[in-house]
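Please find the structures below.
In the two complexes that follow, chain A is the common piece, with chain B as its partner first and chain C second.
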Partner chain A sequence: MKQNEQPEKATRRVRKVEDPKARHQRHEAMEALKMLDALRHDFSKPLSSMDYFYELFEKVYCRREKLHSAKPMVGTLCIQIPYEIIYAMDAVPVRLCNGFHTNEQSGGEFMPAKSCSLVKATLGMLKQEDIPGVDKLDYLVHPTTCDQKTKSISMVEEIGYDVYHMEFPRVKESEESREYWRRTIRKFTKDLSKDLGRKINRRSLKSAIQKVGKAQLAYHRLNELRKLKSVPILGKDIFLITNAFFFDDIERWTEMTLAVCSEAEARVKEGTSAAGKRSPRILYTGSPPIFPNLKLPYMIEQADGVIVADESCSANRLFNDMVSVDEWFMYDMVDAVADRYLKGCTCPIFTKNDDRKRRLKELIESYNVDGVVYQSFAGCQVYEMEQRSIQQQMEALGIPMLYVETDYSPGQGGQLSTRIEAFMESLKVKNRRKQEG
Partner chain B sequence: MMINKIFQKIQKADIRKFRFWIQLFLFVIFVYGGYVAIDVGREIPVFSCGYDREAGGVCYFMSLQHQLARPWERLFSGASLGVLSAFGVFILWFIVFNKAWCGYACPLGTMQDWITALRKRLGIPYSTYSEESFKSLKKIKYIFLLIVLLFPLLIGAGLLDPEWRGAFCKMCPGRLITPMFVGDFSQWSIDFSSKTAIFLTTFGIAFTVVFFVGSFIKKRFFCFFCPMSAMHYIFSPFALLKLKKDGEKCTKCGDCYRVCDMQIWDIADDVKSRDILRDDCIFCLKCVAACPEEDALQVDIVKWAIFKSTKGGFAKRMGFEDETE
Partner chain C sequence: MPYYAGIDIGSTAIKIVIIDKDANIVGQKVSGSGSMFYKYAKESLAQLVQDIGITLNDIVYIVSTGYGRKLFKEADETISEITANAFGAVKAGESFGTIRTIINIGGQDSKAIGLDEHGHVVNFAMNDRCAAGTGKFLDVAAAKLEIDVEELGECHFNASGTPLSINSTCAVFAESEIIGLLGNEHSKEDIVAGIHFSIAKRIIRLAKKVGLNGVIYFDGGPALNAGLVAAIEDELGCELAIPEYPQITTALGAAILAKEGYSYSVSKELQE
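Up next, the complex of A and B:
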């Protein structure tokens, strides 16, 4: 195991009583490394272009290196905060949604016992002032999406941060909500520019829209390969790639993702597959797997499944909908950016879940899915509540679904993996019967 | 193979440029065609105004209003075979191209697009209707259609004074604007011969002023009120060119809606209908070009798709694609 490099003096002090921050960082590094090792070494035929991403996570979480310099850092607490606007001011958005058990524990004090691991972990991280890849935050934006996120704003403020409250509608079909959200984004654009002292103009916004668009396209290109009969890339790698988007430099990220595309495409030509011939094709949906909480994708693929598609805000939803502009002027571009984030979103916080159902159906058909794994963080009301209707829809479609409630604790492991193995086995049996019958 | 390649090329086409040149070409034909003896008839299903003495083809409403105003004994006799055949020609023209007449051929429509281009050049934002005003204002075009169809019939039946002859033409901005392109400003006057004439011609002038102001701030302002558009809608289910949607592929992202000049809500939010052409639509295809989902929107001629929404085409038009690809 790699140790944190620390100066002589600090180590000596550690022996007496370890500085809580250093201790926290040590735990975090251990957690990160454990997951990275598992993802990297427990699967055969790794893609060499994935090395960049493995090393990136190691750099950020184990070696604590900083990625960006001299640019203002804007912390975001949801995918609803428009990247395009932040990039247009030459600032860097860093998504703070956190996946560490270490942080979940230290954030536990703020929240009731049965509440969302992600929200707890994010609070824990903010409490430790331990932002991945970044020295300090210049700005913090928090949307009013689900209840737990919304209420946690006041806790983040209690810790001592200035938080920008971004108002988000929870009905998305009406004209009012469209207009309301556009207004929110127009205001955010003005406020951010004023607070950071950075200008935004036609040209910078256009190039930011295109930068994000290119990143999205790279992801879409990768996803196309997952539709194929022999899938050249595993879902655990995809989640790692999309998680890197949270903090990586966007242009480098795009370049590296395209490198993965090329290698995976070459594999398709060779005819090598990342999964077995009979591996059940899985659609993952529900609460977002965020590094290092990738245990579910890990277990699924260790049990010989292959995640070919997902519907979650740490992957698919980040990249799915794209900005379309009619007139390349500020007045139209800002609204266009706003629309991208609201209208196509399949987040469970909205009143209706028809769009999510339609998205799942579409994914099942075009990615030729055998089974669905639905994860809900214990205490996430909205995902727990939607489970029922999704279950019914899957029954109607004849697609088996496994529903699991999880949190970030490693203790759950054994029981969870048994359930997943059994589910994969049942899918295989079903497939075999279908082939024979 | 070859056909496939061409098809792929079309999917990535810059629809704006394509449209601009077609519109310009047809504008010249319709407005200046007379100079070179072009005459495509008097049954054209768009506002190519007959008051333009050099028109290369004339708006069907001119002859329609004239023909319907015949005394009823004549209208409903064998002598009206001409009326029927004119109607047949109109239908034929329309059925082939559907509302694409509006998006690509109508001189009055093209003029509005030019005014929009001017506004854009000045960097002035456009405005839109609220949902409520949209719903109530859109009915106006059907009232105008009633004027076009019913008034002449009432005149023929002797129930309405002949002073109302060609009433809609007198009110129509096309009559005042189109002739100006051939240097004829004579339509800009008020006819004092009777109270009705004063009313109609004053209305015409006012409407024309509103036309200019309106289309400067609202894209395709006039089309929203156009009775020809209402008339089209009656026959569009039978047209060969179709605008289709596959709701299963649609994410309801609203990209199509936000570029739609006519603010057609259904284009994004209706995921049930297959035929997605609505009465206000001008068949400009901006929506198809702006949709990022493969095959969610498409244009068919009879059964064959000629233009579809594709991710690649979307990316190219938005400048997301690298030069290398």
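Up next, the complex of A and C:
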């Protein structure tokens, strides 16, 4: 520091300070556009039927157009809230789990420094009180799934929302848990109907179950193609499609997903592959990639990997298990819906998680997986903790696994991409040696 | 005669190795990477080529690696520094026996790489984003202690008794810890030794994730620091294999891959 000098005079630039809300929305739009551009233009052989989805995200996050009108909107803050019940009341569920770095930063004020990016971003988005794609939120449902979600309920209330607390058990196998969760769903069905002033009956619930079932079947049809030796669709597109399910009109979504299926199936007939000949086949598991935080799938596929399967709550887990009804009576259907959401859940919040391991093993075998990429959001304790047992399982199966801890910050490219590229390179060497015998 | 170049554009330095058809090193150069990776790398390559009396046209294949690998447009191929490091270590460490673990400390990251008996990468671990326990951390500490980075090694051996404990290897937090230790009248030598041991403990934790097997090879700029080498050896309880030029292993690996890449592309052309 210079000594004995006169203090310096401040110089100011004449400028207008931008309105905070407009600035926030501008940042969101920039973030969305950057990812959409990358997903759309940085890969060869794009599927033209994907244009619908690219445009949908642009419409919602860049142009901020509203999607649904004249129907009550039910915001959900976790995958565990049954869409079937909401559709049965002719209301629209919108999953609000958020993937924006801009929101992660603004929501950071509510949470400890090392906590889940998704929870922070969701709080940041709710704080804005202008939810992309949603005109007006009529209802908000928050489950007591993981600790951070559970504890953030009070912060959502602090922002000024009325929140419906949905109780969720932490043990999956016991009969008590099953009964407890069924009671939760029965109560939710009654409460939602009363609060929204909308009736639910046998016919409407059956048709809602079928509507969701059709969407699931479309996803399953698409996923079957990923089992093939030459995969016609990249994982980055699959994540975008499943992310759109969070908020899109379900019937339009199903129709557009089937259009992608048809184009991909035509590709299979032509023998065109979306990936390279030697691209390692990757199973993605862990914290959910939610638009626009698709940087990890993007990096994996930029590094010549191809995501052929995933086990995450923003994709596979949304569709994997179907409602299985014995008899189409009200009481049986509601319980069957409840069962689908508890039994099929492979979230790491449970005491034991043998189901997750079973599913990973099944995916590895049926999708012919070369390596696993496990992402945990920094501060997501359950995923961080379960990494250990999954690592052990992969060692036993002889499947290499890359564990990465990330958050929503976009500036992590260098180190992360180095790791991912090195992982893909090592899988390729392994495959080559296997071929050479 | 054809030559092959490996260019490792790191956060702190650009390392270039040129090899001939028998994989002998004919030229090597280390220069600062500053803020213009691409420009400096190009200049450095031009200089090296001139120094060893060949022309750029004699270099038939270039592989770039390191943070700036994608910026070097003239490269025929890019490869991650982990794969390149493994290839380089196997070559540079031939005389030490079969290398199964590589410890690398760079300007802004540190990593451990596990190799199988053929020298292929089986697993690796890297530090997370921050520059904790890396070359950058040594720079910051040396600057605060008003000594040159080159003097750190000598300082280490002049420390007295039990080394001080530095709890944070974060470049920013450590500075305030160092200030605290200086405030308690600890000598520079003791502080330097404390820093080396804290880095050593950290890197060994990382290396244990990939498993410590066979010959343990240590490279990267900080491997020039004899004090740090000693600290890691003390913490490990065994000797490390240090190559003659620890900074250029990764560039050498890239050069070897350039040679392989060239013969592969030629054989593919012949087939077609």
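Everything that follows uses one rule, which is that the second predicted complex is superposed on the first by the 422 of 437 C-alpha atoms of A that agree within 3 Å, B and C clash if a C-alpha of one lies under 4 Å from a C-alpha of the other, contacts with A are read in each partner's own complex, and residues count from 1 in each chain.
Here is the rule we use: a residue touches a chain if its C-beta (ideal position, glycine included) is under 8 Å from a C-beta of that chain, and two chains touch if they have at least 3 such contacts.
Just so we're clear, the structure is a prediction, and the values are computed from it rather than from any experiment.
Residue contacts after overlaying the shared chain place A:E158 against neither chain B nor chain C.
When both complexes are overlaid on chain A, the residue A:E18 reaches neither chain B nor chain C. Residue contacts after overlaying the shared chain place A:R419 against chain C, while chain B stays out of touching range. Judged by the touch definition given at the top, the superposed model places A:E129 against neither chain B nor chain C. After superposition on the shared chain, chain A has more residues touched by B, the comparison being chain B against chain C. Contacts of A:E173 after superposition on the shared chain: chain B is touched, whereas chain C is not.
Legend: residue contacts after superposition of the two complexes on their common chain; A:E405 is shown touching chain C, with no touch to chain B. Contacts of A:E251 after superposition on the shared chain: neither chain B nor chain C is touched.
Of the two partner chains placed around the shared chain by superposition, neither chain B nor chain C is touched by A:D51.
No residue of chain A contacts both chain B in one complex and chain C in the other. The touching residues of chain C, counted against chain A in their complex, run 67, 79-83, 109, 118, 120-124, 126, 128-129. Looking at the complex, you find that chain A touches chain C at residues 400, 405, 412, 414-415, 418-419, 421-422, 425-426, 429-430, 433. Only residues 173, 175, 178, 206, 209-210, 213-214, 216-217, 220, 320-327, 329, 331-332, 335-336, 339-340, 343-344, 355, 358-359, 361-362, 365 of chain A touch chain B when the two sit together in their complex. Across the interface of their complex, chain A is touched by residues 120, 123, 125-126, 130-131, 247-249, 251-256, 258-259, 268-269, 271, 286, 290-292, 311, 314-315, 318-322 of chain B.
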